[in-house]
Each structure stands twice: as C-alpha cells, then as structure tokens.
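Think of it as A, B, C, D, E, F, G and H in the order they're written, each chain with its own count starting at 1.
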Amino acid sequence: MKADEKAVNTGIHFMDGDSACCEGAIAAGCRFVAGYPITPSTEVVELIAQRFPKIGGIFIQMEDEIASSIAISGASWAGAKAMTVTSGPGFSLMMEHIGYAVMTETPCVFVNVQRGGPSTGLPTLPGQQDIMQCRWGSHGDYEVIALSPNSPQECFDLTIQCFNLAEKYRVPVFLMMDECVGHMSERVVIPPADEIEIEPRHYTEQAPGEFSPYNDMEGLVPRTTKAGDGHNILVTGLTHDDRGYPDMSANTHQVLVDRLIKKIRHSADDIIILEEDDVDGADIVVVSYGISSRVATRGVRMAREKGLRVGMLRLVTVWPFPENRIRELADRIEAFVVVEMNQGQIMREVQRCSEGRAQVAGVLNYGGAIHPPEEIYQTIAGVSS
Amino acid sequence: MKADEKAVNTGIHFMDGDSACCEGAIAAGCRFVAGYPITPSTEVVELIAQRFPKIGGIFIQMEDEIASSIAISGASWAGAKAMTVTSGPGFSLMMEHIGYAVMTETPCVFVNVQRGGPSTGLPTLPGQQDIMQCRWGSHGDYEVIALSPNSPQECFDLTIQCFNLAEKYRVPVFLMMDECVGHMSERVVIPPADEIEIEPRHYTEQAPGEFSPYNDMEGLVPRTTKAGDGHNILVTGLTHDDRGYPDMSANTHQVLVDRLIKKIRHSADDIIILEEDDVDGADIVVVSYGISSRVATRGVRMAREKGLRVGMLRLVTVWPFPENRIRELADRIEAFVVVEMNQGQIMREVQRCSEGRAQVAGVLNYGGAIHPPEEIYQTIAGVSS
Amino acid sequence: MTESVVTDHTKQETISADQNRVELCEKNPAEDFLRMDRIPHIWCPGCGIGTSVNAFVRALIEAKVDRSKLCVVSGIGCSGRVSGYLNVDAFHTTHGRAIPFATGLKLANPELTVVVYSGDGDLSAIGGNHLVHAARRNIDIKVVCVNNFIYSMTGGQAAPTTPMGTIASTAPYGFCEYALNLPHFVEACGATYIARWTTFHVRQLQKSMQESFAKKGFTFIEVIAPCPTLYGRRNQYRQGVDEMKMFKEVSRREKDIETRDAEIKPGEKIVIGKFVDRERETWLESMQHHYKEVLGDAYYPYTGAMI
Amino acid sequence: MTESVVTDHTKQETISADQNRVELCEKNPAEDFLRMDRIPHIWCPGCGIGTSVNAFVRALIEAKVDRSKLCVVSGIGCSGRVSGYLNVDAFHTTHGRAIPFATGLKLANPELTVVVYSGDGDLSAIGGNHLVHAARRNIDIKVVCVNNFIYSMTGGQAAPTTPMGTIASTAPYGFCEYALNLPHFVEACGATYIARWTTFHVRQLQKSMQESFAKKGFTFIEVIAPCPTLYGRRNQYRQGVDEMKMFKEVSRREKDIETRDAEIKPGEKIVIGKFVDRERETWLESMQHHYKEVLGDAYYPYTGAMI
Amino acid sequence: MSLMQIRVGGFGGQGVILIGTILGKAGAIFDHKFATMTRSYGPEARGGACSSQVLISDESITFPYVTQPDYLIALSQEIYDKFSPGLAEGACLIYEKDLVKPNGLQAGIKKLGIPCMRFAEELGSRVVLNMVMLGYFSANCPGLTKEAIQEAIRITVPPKTIDVNLMAFEKGYTYDGS
Amino acid sequence: MSLMQIRVGGFGGQGVILIGTILGKAGAIFDHKFATMTRSYGPEARGGACSSQVLISDESITFPYVTQPDYLIALSQEIYDKFSPGLAEGACLIYEKDLVKPNGLQAGIKKLGIPCMRFAEELGSRVVLNMVMLGYFSANCPGLTKEAIQEAIRITVPPKTIDVNLMAFEKGYTYDGS
Amino acid sequence: MKDSKMATAEKKERQSRGNVNINKDRCKGCGFCVEFCPTHALRFSEDFNALGYHYPVRLEEAACTGCDQCGAFCPDFAIFGYRYKSHT
Amino acid sequence: MKDSKMATAEKKERQSRGNVNINKDRCKGCGFCVEFCPTHALRFSEDFNALGYHYPVRLEEAACTGCDQCGAFCPDFAIFGYRYKSHT
C-alpha cells in the first residue's frame, strides 16, 4: 500500500525531529493522535493539530497521558492508525496501557522524546534513560519493538517504520527519540507519496460468524477486524482463549503469552535494523543508538586516525535486542564500547549477550548533554591497550 | 529503636502473607497507608483499616493508585512511615511516583502482590513478572531496593526490613510478594515488640537556617527533616543542587543521579540478603526467590537424591542484584538453574553476571501456577548431563 | 411502578411458527444479544447487574439500534463484565479507562454507537477524571453506570459512592466520607442527559436507555443496583431481593428536582428520575462547525480516521 | 476596585529604625516570605503569577499564619513554580499530583497548614480527579488555582479552562471545547469555600486567601491571571497589562450569583466573587467523631502519624 | 502420617475458605504441626467455584499445594466433577449429599455423604453448613484432633456466633451417615 | 570553509531561535550545504536565557553542537558573559549595542555592534529585531549568501509579514557600524 | 393471597393472555421474579436445581399475564413472560 | 493628566503620607504599577535596565500616597509603597 498523496508533505525541508516525526506519522497513514503536552515532545502534536484539520484526522488533547495511551487503543480498534507522543513522566503514566495494547494485540505507536530523568529531572535536556523502561515498564511478561532515530530525517523514516511494524505484528511500537534529535533541525527529504510503502491492517476475510479472533493467523499473528464490521468480537486484557473469551487458567495464559512473545522473538531478523560500519575487520566495536551514535562516529574516527581497528554497530532497532549479532561479534572481537546517555542500560544487554567472550566498556552519562567525542575516543583507546 | 508495644500483635498466628505484611508494617512503625483495592493485595489494606483505628494511624483509600503512590510521599515528608500496597495494574500506575520518591529521597514502602500479567491477565493467580518492572519501570536512571518473601512469616519479617532499609537509604523499597505467598496461610510468629529492631528516621541535628538538605550527610545519604520543623526546605523532582534548588544543568544532574545510584550500589553488601544451602560444594546452583524458592528446594532435594551436587541460592534481596556473588560462583560451578515465574527476568541478570563462565538454564513459566518440582529436577538433571 | 407491555418487536423474536397461539416459547428475548456460550455468568444470586442488562437489551431492541455498529466498552469490575456477555463488539478495557477508550473508538469512527457500561468505582473513582472531561467535551457516548455503592469485584471496599456510615471491607467500622452525588457531579461537568433509576425500576430504566440512544452527546444513566454479596450482607440486606424492596420503598420521583438534591444518604429517600435533558453541540460537531467556519475550503471534512 | 490600606502588621516589617519618618525602606514586605536567592524568578514580564504571590504573602502576614507549620505544595507548571520561591516548607511535586501529596502531608500531621498552589492545567486536567475527591472528602487543604486559561510551562497548549474559540498552540485555528467552570465544578464536588478573583483584584484576592486560612476544610480560590507570552499574545492581549485591563473591564461581582452562572466565555463578563462558604466536617473530623462513636474506648485518638 | 493433603471446594458463599482456615489453624496452632492453607477462587474475587487446599505435615512444607489429596471435601457438583478423578486409592471423599452426586467414582475410595445444607437450614442458618461439614470431617479424620478443630473454630468465628458454630460442628461430628 | 559554527543567544521573546532556523534553512536548502540547528532554553519552556546553535558544513555533521564558535550573536548581556570567553582568535562577536557591553573581550576577536532593538522599535515592531540582526550578520558573514538568507526568511515568516521582515533585514544589512 | 374463588375466575381470563417460561437450571434463586410478579403467579420450588438453588415455579391456580415483568427483573435470564399472539 | 497646579497642591498633601521604593533591576517592565497607580505617580523610564526593560520611575510632581497598590500588583517584587510612620 502507498501513502496518501494529498497528505504527504513531499519536498525538501529544514525541520526538527519532532516535526519530522509528525510528518512521518501523517505519511504512514496515522489519522488519530491523542496526546498530552510535555517538553520536549509537544511540538509533535502541535504540528499535528495544525495539519490534521486540512487532511482529515482527529487530534485530541486528552486530560492526561493515561487517557491518551488508552484512547489510541480505542481508535485503533475503530480501524485507525493511532499514535500518542510523550516524554519520561508521561511515559511512566502510560505503562498500564502498553500492557493492554500488548495483551489485546492492538497496533499503535508510542513516541517518547526522552529527556533527563528520573522524575521531573531535566525537562529541556536530552537523555536515553527510558530504554529499559520501554521494555520492562509494564507489569507482566511481554515483548515490544522499539526504534531509535539519530536525525530528523530518521524521525520521519522510522516513524513510518513504527506504524508498519505495529500493523505487521499487532503490537505497540515505540519510537524512542531524545530531546537532542527532537529539537535539532536539519534537512529532511520527504519523498513523493508513491514511494512511501505503507503496511495495511491485516483484516480477516472470514465472514461474521465464522471469524473468531484467533482462528485466522498469519504465522503467529492473528488477522484482525474492526469495530462495526459485524464480527461481534470480544477484546479483553484478561487472559483469553482463542475465541477471545476470558479464561483465567495457567494453561491458557501460558499459550497466549508465549505466542505474544514469540511473534516478536521469532521475527527478530525481520524486525531488527542495524547499521554497521567496518565491523568485520574490527578489534573493537562501538555500540550506540540515537543521537549518541552520531557523536560516536566522531570518537571512532579519532580512534581510527590513531590506527585502531574500530567498527561501529548502530542499533536502529533497540528492541528486540540483536542478541545473535552481539554473540557472533563477541566471538571475534576484543571489546565492545557502548555509548549511551544512561547508566548503561543497553550495555547490560551487550554484557549479557557477549557472555564474557569480549570485554564490555561503557561511555556513559546520566543525560543532559551528549558525550564529547574525546571521551568516546579515550574509552576506545583505554580498552584497546 | 524498638517497635511500639501497644501496636505489635505479639503471638503465634495462622495467617496469610497479606495479613502478615500488614502486621509487619504496623510493627515497623508504619502509621500511614494509602491504597486502592486490587486483587490479590487488598487483604493487606483491609486489615490495616481494621487495625489502625485502634492503634492510631491513617488509612485512606485514595481515588486511584497514582494518588496512593504520591500520598505516601506527602505523608513521609510529614514524618510518617508510609506504605502503599498494590498489584500489577496498579503498580504500573505508580511508576511516575517511584521516580519521584527516588529523586526526592523519600523513605517509603511499595508492596506489590504479584499476579499473572501482562494487563489484567490473571488477577487471582500468582506471577513473578514485575521484577524487572520494579527496577526499570520509571523513566530515568535510578536504583532501588526490593525484597521477596517466600512465606507468610517472611512477609512479616521482610516488611519490617523494607521500612528499615527505606529509612537507612532514603529510598523507596519494594516488597515483591506474589499471590501465592499473599494468600497462603501458615504459622506466623510475631515476637514481642522489644525484640523488633526499628530504624528511626535520620533527622538532621542542625538548626533551622544552618541546615540545607545536602550539607548533612551520613556517607552518601543526607540526613533529613520533616515539614513543620522550621527548616523551610524545598523538595523538588527537578534536578537540584545541594540546597535542594532546581538547577537544570547536566553537571548538577550528573552529581545528583550519581549519588542516588551509588548510595545503593556502594552499600550492596549491607543491603543484600542471600540464603545459601550447600553452595560451596556444588556443581550446579539453583537460583530462585519468592514462592519459587520453596518449590525449588523440592527439585533440589530430588536431584541430590540422585547424587547430583546441587546448591541453592535464594535471593531474599532481589534488587540490588547480588552481582558479585554470582560472579564468584560462576568461576567455580558448572551451571546455574534459575527458577522463576516469568520469562527469565532474573535469569538475564544471572547470565549477565556469569559472563559465560557458567552455563545458565531457566525453569520458567509465565505465571498462573508455581512449578511442579519435577520440572525443576529435570532441568537440573538436563544441565548436569 | 409502571407495568408495560412487551412490544411487537420483542414478540417477533419470541413467537414460534404457530402464529395464533404460542404455547411454548423457547427463547428469552435477551438471548439474542447475549453470548449464550458464556451463560451462566459470574454474577452472584440477586446481583442487580444482570437486571440492568435485561433493561439494556430490551432498550436496544426497542430502539432498533443497529447491532453491527454498536460497541459496548467496560472497565474492570463486576459491572465491567457486562460488555463480555453482550454479543456485540465488546471491549473490556482496564480499570477506569472505558471512557477514554470509548472516546478513541467513537472519534475514530463517528458512525459507531458507543456505550460505556461500567461500575461506580470504575467510573467515578479511578476513572473520575475521564468522566469529567468526556462530559465537558460532550463526547457522543452513552454511559451506563451501575452503582452498587461498593467495589464489588475486589471484595467490597468503600467507593466514592458508598453512603456515609455504611460498612465496607476497608471501612469495617463504617465509612466516614461524603458520597459523590453522581447526577449532580456529571451535570456540573456538562452531560446532556442524566437519569437515575434503581434496578427495581426496570421499565423506566429501559425507557431512559432508549432515550439516551436517541440523544446526541454525552449521556449518563446511573443504575442503583443491589450487590447482596459485598454490600447488602454487610449492611442489613441479606439478599438482593431485600435491597430491591428497599429501593421500592425509599425511591422518590419528584417534579423539577435539582440534581443537587439527589444526594444519597443511608436511610433517606433515593431520588430517581430524569434530571437533565439539554442540547449542546458534541465535540465532533463543534470541531466540524468551527473548522468549516475558520478554515473554509481548506478544512477537510472529517468522516472517520479508518484506514 | 477597592483601595485598601497597608495594615500595621505589614508596616512593622517595612519600617526602619526611625520610628517617626521612614524615608528609605529597603525591603519589600514580600521578601520575608520569598527565597530571595532565587529572585529574579523565571516568570515572564507581565505574568500574573507573581502578582498572585504578592496577595498570598500579604495574606499570610495578615492572617498571622505560623510559618513554621506552613507547607506549600505545587504541581508542575509555571504556576507550579510558586512553592519553590516561597521560603517555607515547599514541595514541588509531579504534574497534577499536588493534591494527593498535600493530602498525605496534612493527614499525617494535622497540625500543618497545607496550601496547594498550582495551575489550571495541573489541577483540572491531569489532576482533575484528585481535585474531585479531595473536595468530596473535605480534606483540610487550601487550594489556590492560577487560571491563565492555558498550559503555559509547556508552550501554550489548550487546557480544560481555555475559553472556546481562543487560539492555543494545540488549537491553532481556535479551540472547540467547552471550558470547565471551576467554581461550579468544585462546588458539585463538595468544596467548603469557593472564590474567584482576577489578578486585577489583588486586595480582594488577599482577603479571600485570609478567609480560607481561617476556614476548616477544602477551600478553593481561582485566580484568573494573565499569561502574555502564551495566551495573551495569541489572543489579542499583547502584554500582561492588556489582559489586566480586560479583567478590570469585564469582571462583574453580582449578589447571590450561583456558580453555574460563572462560566467563562470569550468576550463575555467574568463573574468574580466569593461563591460558596459553607460548613462541613473535614475528613479527619468525620473520622474521629465516627470512630469515637462506634469504637468508644477502643478508638485510639489520632493526632498524627509521625514517628 | 507425615503429610496430609486436603482439598475443600464448593461455590462462593459456602464458607469453603473458612473450612480450610480452621483446619490449618487446628494443625498449625493447636496440634503443633506444620500447616499451609491456600485458596483459589473465581474471576478476581467473585462467584463461581472456590476451593481451598490444606496441607498438614510433621515437617516444614515446601510445595504448598495438594498434589495427591488424602481428602476431598466437595460442596458442589462442579468441584466433585473436577477433582474426584484426581483421587487415588485410599483417599476419602466427603460430600454434600443434596448437592453432589458422586457418579463414576473410582474403586478404593472411601465415600462419605452428609446433607449439611439441610442440617444448616434446620439449625436456622444456612451459613453454618461449613461447620456441619467440619464436624463430619473431624469425625472421619484422625490426622487432626477434634479439640484442635474446636479451638480453631473458637478463635476464628465472631465471638457471638461461637455457640451456634460449635453446635453445627457437633451436628456434623455426630452424624452417623444414615 | 568546511565547518562554520554559529551561536545565537538572548532572552525569551527576542526571536533567537528564529535566527537559527533561518540560518539553518539558508544553508541546508538554499546554499545546498549540510546544516544543523539546535536550540536550548530555560526551565521546561519558559523565560530566562535562550540560545540556538547553527552548524553549516560541506560534509555531513555528526556532532550537532558548537564546539568552537566562529560567530557569537549576543542579544543579551547574560549570553555575552556566558559565551564570549569561549571565543578564540579569528572569531567574530556580533552584539546588540544597547543591551550588551562587550567588556573584557579577548584580543583577536572581531567585534560588531548594532542597536537592533532601537532599529526595530523605529520600524514599529519590536519583534523584528532579530531580522535586523540577521541582516547585519549576513553583511558580515561570507559563509552564507544573502539571497539564501532572504529566501529562508520568505518561506519561514508568516506571509503577511514577509515585507516588514525583509525591510528589517535590509536595515541590518546596510548598517554601517556607525 | 386473594380469595381463591375470585382468583380462579381471574385466572381463566388472564391465563389465556400469556405465559411464563422458566429455565430452572439457569436460576440462582434470587427471588426477584417471585417477589415482584404483579399477579403473584410464582413460588419457589422445594427442590434445589443443579446449582443448589430453589428456583421459581408457576402457581397453577394463579393467572400469569405474560407481562414479562419477571423477565425484566431476572438477573440470570432464567425466566421470561410472553403473550399469546391471539390476544395482541 | 491632571491639571498640574492642582496636582502640585495635592502632591504636597499626599506626598507626605508615603513613598514608593523601586528596585529597578528586578523590574521586567510589565507596566502594572504604572497603569494602575491610583495617583498616576509613576511613568516608564527611557532607559533599559540590566534585563533590557523600561522600568518605572516616580513622577516628581505626582503625589504617591504609599498605598502599596503598585507593590500588590508587581509580579516581580520590584516596587512597593509604604506610609510614613508619622501619618499612621
């Protein structure tokens, strides 16, 4: 499916990541946004509020983030592509409904423009401290998908990707931006609508009466329906059987949660996007994502100039974590250097997957400012000696 | 400091974990509880509502879990030992205020009687799926303390421990129960009040005017004050300098968050409680916590009967994670077998810390029912061969 | 109590082949709207929730609501189980969040008839703020609030609607808070249609429900219902029928009563009736009118957000 | 506008050693209650929040409130910064949660005077439910709500209080929702004292604040304030003073006005005044009386939860 | 007997959990053994089937659920249908005569029925049916002393109702199965 | 010049971010270079100091902040005091004459003052002071073409205000420093 | 109870208008139907149903009008009244 | 503006009652004080203060009564009026 020509803002722009995210959502077909203002994410919805009346869409500023995070599930079940946008404190309030979207297999997109935390923290300064939260912040066991852009251009591109993945896997997908990328303006090229690939919703073709929510599967992902289509579906956050009916037994739970997790894990190869640079001949691989990955290239360049064999592995997809790739590399390289604006959240994952076969060092801070490239270089140098 | 004789329900009881938790809180000096009903935790507050009018305390059923989670911070700043009690869905709603309590260094206790998730899931059946959530569920970087009881007796004992740790480290402390422990009745012995050690609040002795919130430290933990003591303090969730004043710079943030994290990490030895059984001569060590640790002993016994050298490591303290102990053991043993009712949350930590030097296997389920001991035995047997 | 006659429409459902004399009628008129494979339901003997569903189903039939466009959204609670027993598009959401979910549903597809059916605790405690703002915005959803004076599902804790002095599991010596007067509250927020009935007043309740389907905007119907298990027993009504008898006795329908005088206090009259029926533009109408006016042709007339 | 005289108490603060003729008076009476090391504050030129603080500080002085027992609790927002500038025990909490924090503070130590000072968005949007239930319970806290018709701190998004039709950053073509009538709303919830003033009415505002300190129970004072930066400029009031002049012009104080008639619509009068002043037992009083009655000697008279 | 496993089941309102609690208390407090009582019930807290499991042991109990019941106390057909297949030889079924038809029970299982509901109605209070059942169980279970169970009743039920409860217990205890 | 680093600062309401945006657009869209503009402001979104950083480069930009400014455009004393010590030889300071006293500036730095506030007041609209500054900057910065900046202004400001903005730009562009 | 003669007379007239359908195994014995039937046409059974409840039975001598008041009240969808077509 | 003769007369009388204190560097030039002073005793400076704002200055010829209306209005705590003690 292609994007809608009348809505896509094709052309060359100079815009910030927040605006690019908005344009990406529009291009992806999003026509329902529920949000609540919070720095540094608000510009996304402010632009939505400007654009929607002219292209046909609903923006509603809800009474809080909780309402926003569930309104998008409602809209999604009505057949809309739906999104909400927030930052740390608001994200913390959305945790219950991330779980609800997971359990009810509701396609929807959560954007978190990360600022420094914990708590109110640094509202206007960047952080990458909500990476583990987006994986683990709701109660219970589940898997999600999260992408992390490092430029306004990618804020556009990956927002579309988020919507597409949400449809493909019927799962909430997270765009984990940060204040730096969100408030940085750069050239953003928006292609013509017919060059933008859009994943449609995968509706069942079974007739009302025949269809029960889990008897029409594409691999591990059930085809769906929307309200008003006559299927008389029952959607619940309780553990449910394959008719969608509540069945609160450990067995049913096991089957359901297992599928919810496997539908992501087993498709990790399809979902995971990595950007690699000179990883093959490297002794040291720098792992980073989001804005940190841009700074990291500077550090890497400095190290290469000193003759060190350093590769770059950039996680465009943060979750699911590229476990296999890290394991492979761990066997071959000497060390990973993880660059991130937090206490080492992804570093823990790298440690876990490298299983002691490669050293793991972090270039870490608690947010507020991106790393000076020198710091990265020094850690690389330190590790190599 | 000793517990209050008039309040402690000294004697031999047959009570469930929820009730024992309530009695533990009372013994620990808790006189402010704000809560919102949710299965399977409600019995804790129902008993509180019965007990408090007769011993002098406030129980208030708030309008939701958000309100409960912040009301206890308010009460704590008024000088009370304060607690809230919930289960998964409510816990998800409390995430923002866990961060607030961390950032403002407010002693308070959160009890989560875990049920099966995600979402509404299995309200009446057990889970251990919120373990990572309690560590990572709020935005930003932080560290917390979490304990996990495996019997009603421990629900009593560890609740007291939670309150004591909260005071000592000025941090929110989590009692991570589960439905099984919460709703299981056993003999609970409540000692006489004068045998119960209570950590007092560590108030500054500096005079109003002299005291600024971070100039009177005990190690990394600042002494505190309470509302009405004349110190004119300023408490904020924003990044703050050592007067407590908002200072939203990356530097100040770095210093503050670093201390918040280190005050826990550097005291890990003081905080961490482990129960070990025959770990020293073992080839395989079974790691577990909460109710799973009871079942695990059965599996271990079965394996020992077959001549396998199996040790038990039980995490009474789940967070901070006993990284050092796992590292030490990884060097000496062949394998860890982690038993938990989730997709392998603590197993990831064991994997990370064992760094490939010992094999790690999990006996996992997604909640709803505790493991049959045979399953545990079989995994042990599988690993050993 | 009015005694009303089963109408033609219903009868057609229940009349067998013999057009003249139907001796054996196999099917309860409600069955057609129920997921019969889930009956018996979980509700206790004498629980009023099922009675309210009876009125609801009969209202749906009477009002000829297009079932395929009907969505019922619930939160969590005994009352929140209603959606799951109705054989329509049914959404059992999270505790307190039926209204914002319904808001998303309705706004994304304005053709749907969206009903929120949930409990007093769900809608007025944890979900109170959503009630406020959906009423203020006049979102076109129909709210049915089953008020059994208590949080039942979790075992009978006090709710914002628990009458002062009554016993609840979290108020073992009697509850000491003022109860929220729901009709008054939602009127101050902006609801367009407000009524209160008890489950004893099934026929009037049914009529109000029918009216609400015909009404554009945010409507609110409070259904006072017995919960013998967790409210009644603790408060002198041993069985559901005892509470029903009390409803019959103390309910008063007064002319021109103001919602402010509809507070419920234990041992006093329960004011029932339709309190508010007013016209206000819905959120969507307001948006559409306003944008058409301000943006003229640049406005893209909104019909739905479905892809 | 009333012109009132600075009272003795204030004067004592400002009068220098020379008891007869004070030529140079160095200290603003407000300074004593401010953290002067944090002045200048962050508020924009012409922002009304500072003006409201002036009234508040003067009211504290007048009412001789015991400063050491005074706590001011705020949420997040420009208005939420008030607590941090006051030299008292100050709590800058999370967005929308000042009231439940204050509830914990007050109930755990009933001797404290607890003021919640925050913004319209903070208290009525995200925090709306806490407002409802604290008012219903009649928790003894004093709420000052700075209503600048907008979410300022985050850049001027529409709030539940934004008058229909006005421009906001999330309503670039005009906002199409009904505004919440705060006095009416909190009256329906149960507040014991309700007043509304604009920052033009500083003296009356101060008087209301004094009254609220003397009142037991949940009090609510709405202060309509200019936000030139994010509300005014977008809506024809270039500067704070332009909005102040508008307040002066359109404000009306009417006898026996009902809160239901105090809705704010753009271009129409703003009804100001004290609307409600009634007696209801506070949550604590109610609990204490009730338990004493029911439990007799078994009740342990509650005085505070402090260890 | 080193481990005694008892399952009690019925529907909400029959006082099934209380039976478990009293047995547990009797064992843990008055007979000085180890005892664990767990309970399970319907959706969240309402309606449907509801059951409790009691383990009484001379050693500390690690696995707190019934794996091989020695006693099944069935107060509803549903419970009987669900759990009777799990009974092994030598186990004992105790059931409510009017509510449970013990069809298709395997051989080798002791089968004891009592119309406790009717007895309770006779005693004027439906709610004491669980005490009648407790009495009957006590008479047929040597693993716990009668006195311990009576003591446990005394410290558990509301003081004003001790007498009627003990009376109901006695009614069950003395029921001769005819 | 392969990388040009510009810092613009003042207080809220002076249109500092807009200066950055226009410079960025001029570079990225009309002069066909790589350009990055970042901004920082006071608490959450209000008051206080506010600044923007613009990088213009022939190559893609990895580190999006100013490390060594070539230009400092200072619209308030606070900004001058904070950032002027970071200027190195060869850099250029452009400042608002009435609002900034460039005290203690190191040697080797080019210093250009313009009373843009007064000019803007003269043009009848305080808000165009940033355009005046942009014009003056353009006249003194060969790294971006005048046309590119003018085009950038045209596509950025509200259509109705293009003329007054370009007029203000011209006013600054032609200011001769006297 | 009404005078039985009169009741019998009424019965004749009324009975012909409709009837009541009882699904005894769905019933939970709440008594709403029995208590509130306008013609007092129902009483409780002596027996327990499968769920253990006393369910309603129609009194032979009373005249059910088929008014469906019982159906409107029944929380368990276990009963409903219906009119005979010929009398519509 | 009032007739200046009369103003001067009044001034004499009133001036003696109080005065106004202006902390010019705290001022953000909002004009509340200037606009709403009951005696019109203030005007804006021509100069900018350190923050770049025109601040209020007292009109020599006007009579400040020390009523502190300006102080009550000032959002920046930059001004306040006070009465001379002798006139209390």
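By our rule, contacts are C-beta pairs under 8 Å (C-beta built on N, C-alpha and C of every residue); 3 or more make two chains touch, one makes a residue touch a chain.
Every value quoted in this text rests on a predicted model; they were computed, and no experiment measured them.
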Ask   = What pair of chains has the most C-beta pairs in contact?
value = A-B
Task = Give the label of the chain whose average Cα location is farthest from that of chain E.
result = H
Query = With chain centres defined as C-alpha means, what is the inter-centre distance between chain A and chain B in Å?
reply = 30
Remark   = Here the gap between chain A and chain G, centre to centre from mean Cα coordinates and rounded to Å, is 61
Request  = Could you please state the distance in Å, as a whole number, between where the Cα atoms of chain A are centred and where those of chain F are centred?
outcome  = 35
Remark   = Distance in whole angstrom between the CA centres of chain G and chain H is 87
Remark   = chain E residues touching 2+ other chains are 42-45
Query = Which residues does chain D have that touch at least 2 chains other than itself?
reply = 43-44, 76, 92, 94, 125-126, 128-129, 132-133, 153-155, 160, 173, 283, 291, 295
Remark   = Listed in rising order, chain H residues that touch 2 or more other chains are 51
Remark   = Per the touch rule above, chain B residues touching chain E in the complex are 12-14, 16, 39, 123-125, 180, 183-187, 291, 294-295, 297-298, 370, 373
Query = Where on chain A does chain C make contact in their complex?
reply = 29, 31-32, 34, 53-58, 60, 62-64, 66-68, 70-82, 96-97, 100, 200-201, 208, 226-238, 245-246
Request  = Could you please specify the touching residues of chain H with respect to chain D in the complex?
outcome  = 19, 21, 23, 26, 28-32, 35-36, 38, 51, 53, 66-69, 71-77, 79-86, 88
Ask   = What part of chain D is in contact with chain H in the complex they form?
value = 3, 5-6, 8, 10-11, 14-15, 18-26, 28-31, 34, 39-41, 43-51, 53-55, 58, 199-200, 202-203, 206, 239-241, 244-245
Inquiry  = With touch defined as at the start, can you tell me which chain B residues reach chain A in the complex?
reply    = 66, 88-89, 91-93, 95-96, 99-100, 102-104, 114, 116-125, 127, 129-130, 132-133, 135-142, 236-239, 248-251, 253-254, 257-258, 260-261, 342-343, 345, 348, 351-352, 354-357, 365-369
